[in-house]
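Listed after this line are the structures, all set down as structure tokens.
First chain A sits with chain B, and in the next complex the same chain sits with chain C.
Presenting the complex of A and B:
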């Protein structure tokens, strides 16, 4: 292999160089800006995590698994996984192999960073070696891999159902330009390398293609324009990259270490929020995931449109999208890159100005009697009083002495306030409840409402108090032999409440309890993919009718299991589902109370 | 004052020509369902904040129609959402409360 062009330069590389320089400058600028937007503590945490060997190893592993191999997409749909990983990994390998070629054959040119990209233009094949043919073979092979991915991407545009997706996001103009540029890059590369294959050498793809073309093309005049075209589409792609969804390629490389460093969303637009917004590739997985999308008018309120509108700075739409969401967390659970749709929305709600603000610091609260175990039933359990009564009765049967701190009404846990964006007000409720709970001297706080439970776990500091959801507590009582269950002949299907399942990761204990007191069936979409009951307090603006549609969709999913009755572990789910259900809906506490001795 | 065995209350007559209904008018646009309230009082009966400040969505809506002060009542609302769940007219009272908090001056 010898250097063919003494100067090592041809003007056709200019479009590529311009695009590359622009992307580089933009990414450095964005990186510095985002790092400066982080709070001092977060920045410190981030940099420390980079030098911590354990997180560093995890970062590298995640980058390979998520950015190159798209492992999560493979699990979701193999075709979708192949499409993404073939393009990403294939392209990555083309770049790596290009560098290896330069290092091996023309090491003096390694400082020219367009060389690995346009290697075949600048070299001529002097002699055939094993090393060279192997490299050329691999280059052709990975080009074929990428081309197969591009072909699949074209099919997906028209037939997304083949890829397990019912609905995809509508591309915006700049995304369309980026998309067509990306589609054009690899066929043009194939053509360009084909046309020069008799000079630079080629393998199973470019070699025979070159022979075919040379049968009817008499001269070499066409190869330079093709290299120009290849360089121009590369340049166009890189120039639109920062403004299109393809920004996810560099952004994900920042998001992964930030996530592994344990950073949290703290600002409506800056820092981690900005990185997540950039990382969303508009894949549209969250549209099918979102329970709101049962109504066509709500499709534009899914997370993919939130990230798009934040990038555009369309305040009116951002507000609408932020208010409608149920905060059920399903889009976050299924998102391939980890965009935290609900958290970003809460931050948007938190930047609003209110002229009336709530304050609870001056209210007088009732004393809580001293007890080891305190039970907090929460507002929703008061609307569904049988839940509270059943919990108390079960605890009595198991011989647990318990003090029900809000039997005659109490304070809200503060989560509805927090998710509505009134952070200060929520803090003031938290302070009051904390004072009451600590005054009881309890070491265990049993909670029956998943909304409260999540709030206690995430936002309260209760030293020396174990906060436990009743399903976990009952499960322990059964295991310890303090509670004896008999089986009824009913068959229940368990509905995972959003806050308990996706919110707190409790999936197994409720199922075990139901399974020990009745037969249990599973619905199609359960656990991480369970559908919100539609009653969630997370949504501020969904109307009663829109909620009804969601509830009916959730019920259809549960009916499909052919169970006689529905079990759940949340008073709000119970109230919402029973409104439209054709079969009984019971809280697990009620079932256990019926089936225990 | 001498005790006559009865007392005089202040007049509670409303002069509807002079009431300031600006906030109510805005709310009719932002939350049109406010107009479907039938003053059933379900919201008041279930309210978590009622014991602390006499909060009642029914009263708040009435007070807005009459141009009266709603600040003390709203000041203890916990946004718990029980009023929305029980409202037989399906009024999104939580959203209404947030709108009042936003537009009240």
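Presenting the complex of A and C:
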């Protein structure tokens, strides 16, 4: 293998160099800006995590699994997984192998970083070696892999259902340019390498193709324009990259270490939020995931459009999208790159200027009697009284002495304020409740409403107090033999409440309780894919008619299991579902109360 | 002469049958319950003159004796056949009808769906219908010498959360009537009505309301009930807001009566689908026009009367039934 062009340069590499330089400069600028936007503590945490061997290893593993192999996509749909990983990993291998070729055959050129990309243009094959043909074979092989991915991507444009996606995001103009440039890169590379294969050598793909073309192309005049075209589309792709969804390629490499460092979203636009906005690949998985998309009018309120509008700075739409969301968390649970749609929305609500501020400072604090176990039912369990009564009755049967701290009215846990972006108001409620709970001297706080439970877990500091959802507590009582369950003839399907399942990761204990007191069936979409009941307090602007559609969709999913009745572990889900359900909806506490001695 | 089938044997169906008999037809009434009379038959007295409901029902029953009546029978299919309708009943009878009258009425809202009011959870929470049954002489252990009684207006009516935006029209005045009746039975009891606003649109309804305040001392509190709890001795604690004084309040009562509203009758939805009739947003049948053609459906030969197209009082229903009989007569004469 010899260097064919003495200067090691041809003007056709200029578009590529321009694009590459631009992307590099932009990414460095963005990286510095984002790091400066982080708070001092977060920045310190981030840098420390980079040198921690454990997180560093996790970062590398995650980058390979998520960015190159797209393991999550494979699990979701193998065809979708193959399409993404073939392009990502194939392209990665082409770049790596290109560098190996340069190091092996023309080591003096390694400082020219366009060389690995356009290697086949600059070299001539002097002698055939095993080493050379193996590398050429691998180059052709990975090019074929990428081309197969591109072909699938083209099919996906017209037939997304084959890839398990009912709906995809509508591409914006800049995304369309990026998409067509990306599609053009690899066929042009194939053509360019084919045309020079008789000079630089080729393998099973470029070799025979070169022979075919040479049968009717009389001269070599066409190969330089093809390399030009290849370089130009690369340049175009890189120039639009920072403004298109393809920004997710570099951004994800920053998001992964930030996530592993344990950073949280703290600002409406800056820092981690900006990284997540950049990382959104506009795949549109969140559109099918979103319970609101049962109504066509709400499709443009999914997370993919939120990130797009934040990039555009369209304040009106950002506000609309942020307010409408139920905060059910399903888009976040299914997101391939980990964009935290609900958290980003809450931050948008928090920067709004509310003209009226609620003042809770003069609300009296209830005296809570001293007790080891304190029960907090929350507003929703008061509005759905069967839940509170059943929890109390079950605890009594198990011989647990309990003090019901808000039986005659109590204070809100603060989560509705928090999700509405009224952080200060939420904080004052948290302070009052904390005072009440700590004064009781309790070591266990049993909570029946998943909304309150999540609030207690995430936003309260209660030293020495174990906060537990009643489903977990009852499960422990059964295991300890303090509660004896008998099985009824009914078959229940369990509806996962958003805040309990996706919010707090409690999926198994409620199922175990239902399974011990009745037959249990599963719906198609359960656990982290469960559909919000539509009653969520998270949405500030959904109308009741729109909510009704969501409720009916959630019910259809539950009906498909052919169960006689629906079980859930959230008073709000119970109230919402039972309004439109054709079969009984019961809280697990009620079922346990009926089936226990 | 062509057959006329009336689906539903409540006051609408019976009154239409009575008028059709007077016009010389012999209509066929198909009623799914075992007796004629519908919701009105389960009522004790009717506002504003305290007319016994049984008086209306027995009079109607007597006058429609010549009609063909199938009780305990449902229409299981309906289809268009050359300008006529072919109906099949679940007793095996099939009828070819020149005109069909839907007098399928409404359903009473299931109050247990508003669990915050405690129906089905707390023993002493009852509905307007439970109270009528008790007033008619039925047994009800839940009611025993109450010292205080609360009435909650608009349960499942004007409530988008419950999926019903419509006003049920009759509950305001029914609550006043029942409050007076309870006061007559238990003169020492305190009676509270919790309302959003009072819609007393009909003749003598306003007088009836003033009467309840002045002569019976019923307390009217403007504000919705937020939640209901139970005290240790089994009484009910009602939390509400008095929006006139702007203060939250708590009242203990022995019985709480929920004024369950009228909602669409979904049990006819299969029939409606077969006949290809239009449904309104509120689930009730859609009239061709809400001013001029209230009694006409989107299909020729199918007519409506009464609460199947929306909530109505008894006199309104009777008036519609009479008009529907005339519409059917004109249709058969000209058609």
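Going forward, the second predicted complex is superposed on the first by the 597 of 597 C-alpha atoms of A that agree within 3 Å, B and C clash if a C-alpha of one lies under 4 Å from a C-alpha of the other, contacts with A are read in each partner's own complex, and residues count from 1 in each chain.
Everything below uses one rule, namely that a residue touches a chain if its C-beta (ideal position, glycine included) is under 8 Å from a C-beta of that chain, and two chains touch if they have at least 3 such contacts.
Note that this is a predicted model, so its numbers are computed, not measured.
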item: Joint occupancy of chain A by chain B and chain C, clash or fit; value: clash
item: Chain B versus chain C as contact partner of A:409, first or second or both or neither; value: both
item: Partner chain(s) touched by A:389 [first = chain B, second = chain C, both, neither]; value: second
item: Partner chain in contact with A:578 - chain B first, chain C second, else both or neither; value: second
item: Which of chain B and chain C A:541 touches, first, second, both or neither; value: first
item: Partner chain in contact with A:264 - chain B first, chain C second, else both or neither; value: neither
item: Shared chain A surface residues [contacts with chain B and with chain C]; value: 382-383, 409, 543-545, 575
item: Of all residues in chain A, those that touch chain B in their complex; value: 323, 352-360, 363, 379-380, 382-383, 409-412, 414, 416-417, 420, 422, 429, 535, 537, 540-545, 572, 575
item: Chain B residues within the chain A interface of the complex; value: 33, 46, 48, 51-52, 71, 74-82, 85-86, 90, 92, 94-95, 98, 100-105
item: Residues of chain C that touch chain A when the two form their complex; value: 112-113, 115-116, 118, 121-122, 160-163, 226-230, 239
item: Contacting residues of chain A [partner chain C, same complex]; value: 382-386, 389, 407-409, 543-545, 548, 574-575, 578-580
